[in-house]
Structures are given as structure tokens and as C-alpha cells.
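The structure is given below, and queries will be raised subsequently.
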Amino acid sequence: MSRLHALTDGVFAIAMTLLVLELHVPDVASTGDFISGLAALVPSLFSFTLSFAVLGAYWLGTVWSLAPVRQVERPLLLLNLLALLFITLVPFTTAVLARYPDQPGAVILYGTHLTLLGLAQYANWSYLRANPKLLESPVTPGEAAARTRRILFGPVGFVAAMVVALVSPRAGYAVYYIVLFAYIFTAARDRSIISR
Amino acid sequence: MSRLHALTDGVFAIAMTLLVLELHVPDVASTGDFISGLAALVPSLFSFTLSFAVLGAYWLGTVWSLAPVRQVERPLLLLNLLALLFITLVPFTTAVLARYPDQPGAVILYGTHLTLLGLAQYANWSYLRANPKLLESPVTPGEAAARTRRILFGPVGFVAAMVVALVSPRAGYAVYYIVLFAYIFTAARDRSIISR
Amino acid sequence: MSRLHALTDGVFAIAMTLLVLELHVPDVASTGDFISGLAALVPSLFSFTLSFAVLGAYWLGTVWSLAPVRQVERPLLLLNLLALLFITLVPFTTAVLARYPDQPGAVILYGTHLTLLGLAQYANWSYLRANPKLLESPVTPGEAAARTRRILFGPVGFVAAMVVALVSPRAGYAVYYIVLFAYIFTAARDRSIISR
Amino acid sequence: MSRLHALTDGVFAIAMTLLVLELHVPDVASTGDFISGLAALVPSLFSFTLSFAVLGAYWLGTVWSLAPVRQVERPLLLLNLLALLFITLVPFTTAVLARYPDQPGAVILYGTHLTLLGLAQYANWSYLRANPKLLESPVTPGEAAARTRRILFGPVGFVAAMVVALVSPRAGYAVYYIVLFAYIFTAARDRSIISR
């Protein structure tokens, strides 16, 4: 269990920090150029912040979903490795989005990636729900349904964003932001104690 | 012990995440080029997925092989460092394979690397078997033989893949996939509890 | 709690180590060129050391500020993620400073970043002070005031450095060093036991 | 204490894994070129292995030196951060050595770095010896002297290697290997239990 936490937290920490490698120092000669060189980084800063929020939200998700797990077995480890595979790809699709914010393909690639991330998290949770012996204590049907809704909120929002992106890539991009920050602010309202 | 786990999980997490650095954002001008630019990344995605599966499988291997270890001494730490040396090299041989999937040399370099990884894992296990005082509880001869078979399954499969690669690099490449996924699906069937 | 520690320590460790990627091996032909090639790295070494000290000081800050935390809830996790967002950006603003040490804009960008880092730490501490149920034991008003002063020492010093940088970028740069090392040597004098 | 371990293990894990970024995939057209392209990587592989052994040896050193520490205070954390500063620089001096194995300056830069690493470890140990209240149990004078000898073995050997490098860079390089592997094989002979 602690091994799985260590690997997971390591992969999240590295993916979060590797995002910064896409911010390239501008190559300029004069002071005026320096300011405009930094201004040219604004699209990269937007995608950096979005992806950091994505990683933060999914990390919060794993803290929440693994907290009640009492025992680990191989299929659960494999499902978690699958989720980590999608986490390690975040710096790549972020870099594509930063470079081509006006390409519908880039916005849809990013949304497909986020949707797969959400479905991997859903697969983890479905496995736990089907194997209650792995949990610390039984989950009531009401709690289980609330959790399912919460996990599927992301993929549903991301699919909506992709539809918007077919019309306007920038508007689709904005919907990712809205979905993410709605998720985060909802999470912030929930002040139940997570761990001692 | 927890120090060895922390270093090991850190190296695996970083090696997994560094694999993504080999996926380069395509450099294109038009929408049509964008799609074909992404399509050109497919070989890299194949080697990325393969190497992620390799790292995942060996990480599962260390979770499994270190779980019953009760005490650590220097030779065991050194053997684990040797295994980590081969783990850190995975992003390099993966990048070679992604770039030259049709070169027998690249496929054989990769296979040699995987074989060395398997033999390092075997050395760790042999050391533990020869020093049962380091284990939580004695291992029966039947369990020990099963574990040996399981560890040597990888190197034997990889050597077979290299022989195939001499005839057809792509077919050798495919055999790596088959060996890896056979290993993972066998592991997934084993639902014994690993840790609390 | 341990998950938050693991993610935090991971992000700090990676940000510290990624700083080294800004030290580029000089590209030279003769022995004389080799020495001058290394000498040309001195500005990068200065910014490397400064940023390592920044990360070290803030890491010490999180060790100190999270040590008395008994329980974690979502808003606290989110505030910590916000602080980590600024930590992951350190290698970027460091690289800008290493490349343009004589640009007021670069020195002010760096100072703004450090100030935001300090304010994020202050937000964490304010939240804990407002939610004493999350703490191991109550903090006396005197201790709380001392802690607040200590945390705000950084941002106040960094703002002063930015004002100096408007006149002379190099002098502003020097003030960052002075503020950081004053903070570190003050910390070194405090020999109270932090943890068992 | 566990925070210090986590940061330390993280920095070592990342420094070890970043070494691989200096192994560049050869850029070739034909099969014959591919083999010679790989052969051109041999100097990089030598410096990679040497630096991995350096990091492994110092990591073993921290496992050994921090194991008996019962309590942590700020000056000890700062001394450990100083040691980590030198650890994060290892990928840089390794890259210089890989590129210029025949430059006395590169071999001496590397040796100076290793010597500073050894002296930082010595400073940590000296601090602990002067503050026995931080240790789990008192250290006998004989044990303390043995430990001091062991820690100083590295710097003495590295200084000798640098003197040799003034005459022949390659011979100096070889002495680093000899010192490191002598240290590792001596460590491997010591089979006392390190931790449960």
C-alpha cells in the first residue's frame, strides 16, 4: 500500500514539475524585446496552469479514493499503473496544446486524454466497489453513488468541451478551465477530515 | 528498508515519467500537417507503452520480492542499486528503439537491456534465497521454485524475441509485447493480498 | 497527511534537481577555451545556488509549518497545491535570471515569483491559525505572531530587492542573496528539536 | 526525520535518473553507422556508470549515517541540504567529463566535486559527533574513528586521482573508478543488519 502511494505521489510530483520544461526562456536582444518575449509565453502559462490543476485534481482524487483501501492485490495495482500511464503523458499533450491553442485537433487530443484519465479513475473505483473486502469499512449505496457522480463529472465535462472545440478551439479550451475549477471549488467546500 | 523502498519507487517513478520526453511536439504549419505530425508519433507511442509496461512489471516485481524482506544488509542494498542502474537506462534504450524500429541492432540492444534487468532481479532473489535470515518467514521449496520460474520467464522470452529480431526486427518487437502482456495478465489473475 | 508530505517532498526534490539542467556543458575546442567556457557558467552557478537556497528555505518552512498539523482537509490540500505550483516554476524564473542578470525585468520577475511563494506560505499558515482544530496543540498568540513575522520576512525583503533592482539589477540580485542567507543563518541558530 | 529522508531519497533518485539524459540517441542513416553510433557512446557510458556508482555510494553513506539519528534540528537539516546541493550537481560535472575525458580540467572539476561531496558528508558526521544527544545511542570512540576513516577515504582518494590527472587525464579517471569500487566492495563485505 505505502509502495503504491510512493510510486503514485512520485509520478504526480514529477509530471507536475516536468510541465515547467515547456516554458522556454525567451531569446532576445533588447529590453523591449524581453518584455514581448515574456508576453509570448502567456499561452504556455495558460496550458501550464490548466495541466497543473488537472494533475492537482486527480491527485486529490487518488488521495480520496485510496484512503479507505485496506488491502492491495495485483489487479488493483495494475489498474493504478494504467492511471499512472495517462498521468505521465500529461506533459506531452500539454505541450501540444501550448504550441497549437487554435488547432481543434490539439484541443480534442487534450480532452480525449483527460477523458481517458477520468475513465481510468472510474475503473479503479468500480473495481473497489466490486471488491468491498479491500476496503476499510463498507460504503453505503448513497456514498457510492455520490462518488461515482463526482468521478464521472470530469469526463462528461471534457466531452462537452470537445464538442465546443469543434466550433471554436479557444472556447473548448475555456470549458476545460471551467470544468476543472468547478471541480476544485466544489472540492474546497468539502471540509471533512481526510487523514490524521 | 523504507529508505530502499523510497529510492526504488523514486527511480521507477522518474524513469516512467522521463519516457514522455521522447514524445516530441510535431512542428507543423497547417491542420492537415498537424494530423500527420501526430500520426508520425505512433512508433514512439508504441515504444513508450512497451517501456511503461516493462517498468510497471518490474516495479510489481520489486513490490512482490521485497515484501517478505525483514532485514536489510549492505550486499542486498548493492544488488538493488545494480537493478536500479538498469532501470535508469530504460528511457535511453526506449528512445533508440523509438527512433530505429527497423534496425535489428536497436531491437537487440533493447532485448539485451531487458534481459539484464531480469537477471539483476534474479540475482536479488537468489541472494535472498541463500540468506533466509533476511526474510520474514521461510519460503517452501515449492514457492521458491515458482518464484524462480516467474522471474526467469522474462529473460527467456526476451532472448527468444532477440532471435526473432535477427530475421525481422518488427516481429522481434512484437514478441516483447507478447511476453510483457502475458506476464502482466498472469499477474492480474493472482489476486492474493500483497499488503495491508 | 503522509501523502501530502510525499507529494511536497517529491516536488521540492525534483525542482532542486531540475535546476541543474540550466548548466550547459560548454562547447569548446582547446584547453584555454575549456577554462573560459567554464568561467562563462559563473552567472548560471550564482542563480543555481540562489534558487537552491530559495527551495531549501521554503522546504524548511514546510517542514516547520506542517509538523504541528494533526489533520488534513481539502482546503488545506488545495492551499498546499497552490504553493507547489509556484515551487515548480522556480527552474523557469531561475533560467530567465541566469540568462539576463542585467535585465531589470528578469530580476523583478524573479522577485515577484519569490514574493508569491512567500504569500502562498502565508496563506497556508493563516488557514491553520484560523482552523486550530487541525493542529496538534494550540499555538500561543506570541508564537503565532513570531511565526507570522518569520514568514513575512521573505516577501518584505524581496519587495525591497525589487525596488533596488529598478536602479541596479545586479544590486537587486545581491539583496535576494542577503535576504536568503539572513533567513538561513537565523534558522540555523534555532536549535530546537523538530522531529524524532 | 522522515521528511529529510524523503527529500534526500528523492534528490538521489532524480540525480541518478537524470544521468541518462546525457546518453543521446545516435543520429545515423545505415546499419553500419548505427553500430558505430552506439560505439561512440562508450565514453558517456563510462561516466554514467561512474557517477551512478558515486551516487549509490553516497546514498549508502546517508542510509548508514542517518540510521542512528533520533532527533533532527535545523542546523542538521541545513548541513544535509548542503550535501544535497552537491548531489544535484552530479549530472552536470558528469556531462562535462563525458564530453571531455581527455581534458585535465574536466577530470579535476569532477574530482573537486566528489571531494566537496565527501567533505559535506564529513561535516554532517562531525556535527552529529559533536551533538550526541541527537543520536539513538552513544558511539564508542573506536566506532567514531572507524566512521571518520571511512568517510575521509573518498576525498583522500579523489585528491590522489586529481594529482594523477595532471599527468594523464585518463589515468586520473581510472583512479576514480578504483577508489569507488574499492569503497563499494569494502561496503559489500560488511554484512551487518542496517534496518528491520
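Order of writing sets the labels: A, B, C and D. Residues in every chain begin at 1.
The rule is short, and it goes like this: a residue touches a chain if its C-beta (ideal position, glycine included) is under 8 Å from a C-beta of that chain, and two chains touch if they have at least 3 such contacts.
All values reported here derive from a predicted model rather than from experimental measurement.
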{"item": "Cα superposition angle of subunit A on its copy subunit B, in degrees to the nearest 5", "value": "90"}
{"item": "Interface numbering overlap (same over half, different under half) for subunit B and subunit D", "value": "different"}
{"item": "Chain located farthest away, centre of subunit C as origin (C-alpha)", "value": "B"}
{"item": "Subunit A-subunit C separation of Cα centroids, rounded to whole Å", "value": "26"}
{"item": "Centroid spacing, where centroids are CA-atom means, of subunit B and subunit C in whole angstrom", "value": "37"}
{"item": "Multi-chain contact sites of subunit C, meaning residues that touch two or more partners", "value": "6, 10, 13-14, 18, 21"}
{"item": "Residues of subunit B defined as touching subunit A within the complex", "value": "5-6, 9-10, 12-14, 16-21, 23, 25-26, 31, 34-35, 38, 49, 52, 56, 59-60, 63, 184, 187-188, 190-196"}
{"item": "Residues of subunit A that touch subunit B when the two form their complex", "value": "1-4, 6-7, 10-11, 13-15, 18, 21, 70-75, 77-78, 81, 84-85, 88-89, 91-92, 95-96, 99-100, 103-106, 109"}
